[in-house]
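Take a look at the structure below.
Chain nomenclature is as follows: A, B, C and D, assigned in order of appearance, with residue numbering initiated at 1 for each chain independently.
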Amino acid sequence: MQIVMDAEALNVFLAREFPQVAGSYRVERVDPQSVTARLTVDEANLRPGGTVSGPSMFALADLVVYCAILSRIGPVALAVTTNASIDFMRKPEAGRDLIAECRLLKLGRVLAVAEAMIFSEGGAEPVARCSMTYSIPPKR
Amino acid sequence: MQIVMDAEALNVFLAREFPQVAGSYRVERVDPQSVTARLTVDEANLRPGGTVSGPSMFALADLVVYCAILSRIGPVALAVTTNASIDFMRKPEAGRDLIAECRLLKLGRVLAVAEAMIFSEGGAEPVARCSMTYSIPPKR
Amino acid sequence: MQIVMDAEALNVFLAREFPQVAGSYRVERVDPQSVTARLTVDEANLRPGGTVSGPSMFALADLVVYCAILSRIGPVALAVTTNASIDFMRKPEAGRDLIAECRLLKLGRVLAVAEAMIFSEGGAEPVARCSMTYSIPPKR
Amino acid sequence: MQIVMDAEALNVFLAREFPQVAGSYRVERVDPQSVTARLTVDEANLRPGGTVSGPSMFALADLVVYCAILSRIGPVALAVTTNASIDFMRKPEAGRDLIAECRLLKLGRVLAVAEAMIFSEGGAEPVARCSMTYSIPPKR
């Protein structure tokens, strides 16, 4: 399937529609098999012991899946998450950004399903995995 | 099972251990069947259309489950979420706080399982439901 | 919302449409808040140690959610599960049937969400919990 | 990590410990990156319209994850599923076996996490995906 928004177009879209998050989350790469995004980790994302908070990882997974869908269907702001399942498997490394890689598994007329794997930058093993379903609003 | 931390004790603990979130999230009630927490919704939690963001709802669910566990085992800061599954079912009502009610389903030696139902304050139908597993560190 | 199929109507429907399972699984009660179903446990459902297999519990959860939806919308055989999340929390008691109680959380035009709690008959604490999303085919 | 049970050893183990399922489910391949299993589809697995039932797919995912764990830790019959999340994405093709490919994401001392992708044999796109957590009993 064709890519209709690249990384730059997605970042411009995020900055305009989601100014609260666009400072910390950024799409790094869009290719036919996967979309990659980065969370620049700062104080607000940390928890005791220097680990990244679960909600920050959830937000990263949510964003990369959303962008993977938009990369194929264009800037449909109203696609919404209906289900997410996330496994937190390892403690992220202190002082590293998080990188999420998303693979779109299904892009239907009504529902899209994707999974995202989250890594500490440079790490070989995932710190978390997430699968998500998005509901896609009908075209007008 | 006995309650060892009440709402006030939990809020004091959150303010000390999680100062980043303690301003927005607050435990409202602890009773033998359930624990209730509130997210005071402000600009940072909102998305286009006035809805509350998914990650903010996830954070509320995570907090209420964490507090439900601590209410029974005491201030074990290092209990960590290992799995979460969340269904977003309805759009939260604009301008309302979110209320989460948590029920502990299992409190084992190693794992705890709970579910949380999230409502717009005053609303009859849940906007989201979440089930979570926490890993409880061994006692020293 | 109105109940359009009661327990008897659902069991007749299951016997006709799903003869492979109708011998073991049975709807026990349909009321406005919940639907209850039973798995009559026999050899085929057991695993080493006398426990009921995970897939048999999954099948029971799937059936009770399906019947909860049909109890409100009528005999739509083609409603399909799109997502399920299940927590296995305790070992079922040997020699007891399993009872599942289902609560419908959302019945939308396209998606329905429900949760089921599974107990060993007579047991106070759930052996498993499950949340499921069903996709409802458009009306012709 | 080392492989301690290969496909043949796993099939022998299944035949001895799980005679009810060993006729239909079979490990096909064990390699360092993944474990593959097959469900030979017959009447008992089918639903109206010729599709494979959800519980049969769940059982296949459960089996391939279980075998992926045993392939690394040896014949520990008492490892048990604690959580599963499954997305059913496409209707399996009629008259085809199902093939599940499992990747172990974490093998900890207490918990293992894996994901399985299920395909109709010869199909390019997954019909279902599943993530599972297993609890591993302490060594005696």
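Observations on the structure shown:
Everything that follows uses one rule, which is that a contact is a pair of C-beta atoms (placed from the backbone, for glycine too) under 8 Å apart; a residue touches a chain by one contact, two chains touch by 3 or more.
Given the structure is predicted, the values throughout are model-derived calculations rather than measurements.
Note on connectivity: the fewest steps through touching chains from chain B to chain C is 1.
Judged by contacting C-beta pairs, the busier of the interfaces A-D and A-C is A-D.
If you average the Cα atoms of chain A and of chain C, the two centres end up 33 Å apart. With centres set at the average Cα position, the gap from chain A to chain B is 23 Å. For the pair chain A and chain D, the distance between C-alpha centroids works out to 28 Å.
In chain B, 82-83, 85, 87, 89, 133 are the positions where the chain touches two or more neighbouring chains simultaneously. On the side of chain A, the complex with chain B involves touching residues 17-18, 20, 43-44, 46-49, 53-56, 58-59, 62, 77-78, 80-89. For chain B in complex with chain C, the touching residues are 85, 87, 89-90, 105-106, 113, 115, 125-126, 129, 131, 133. For chain D in complex with chain B, the residues that touch the partner chain are 82-83, 85, 110-111, 133, 135.
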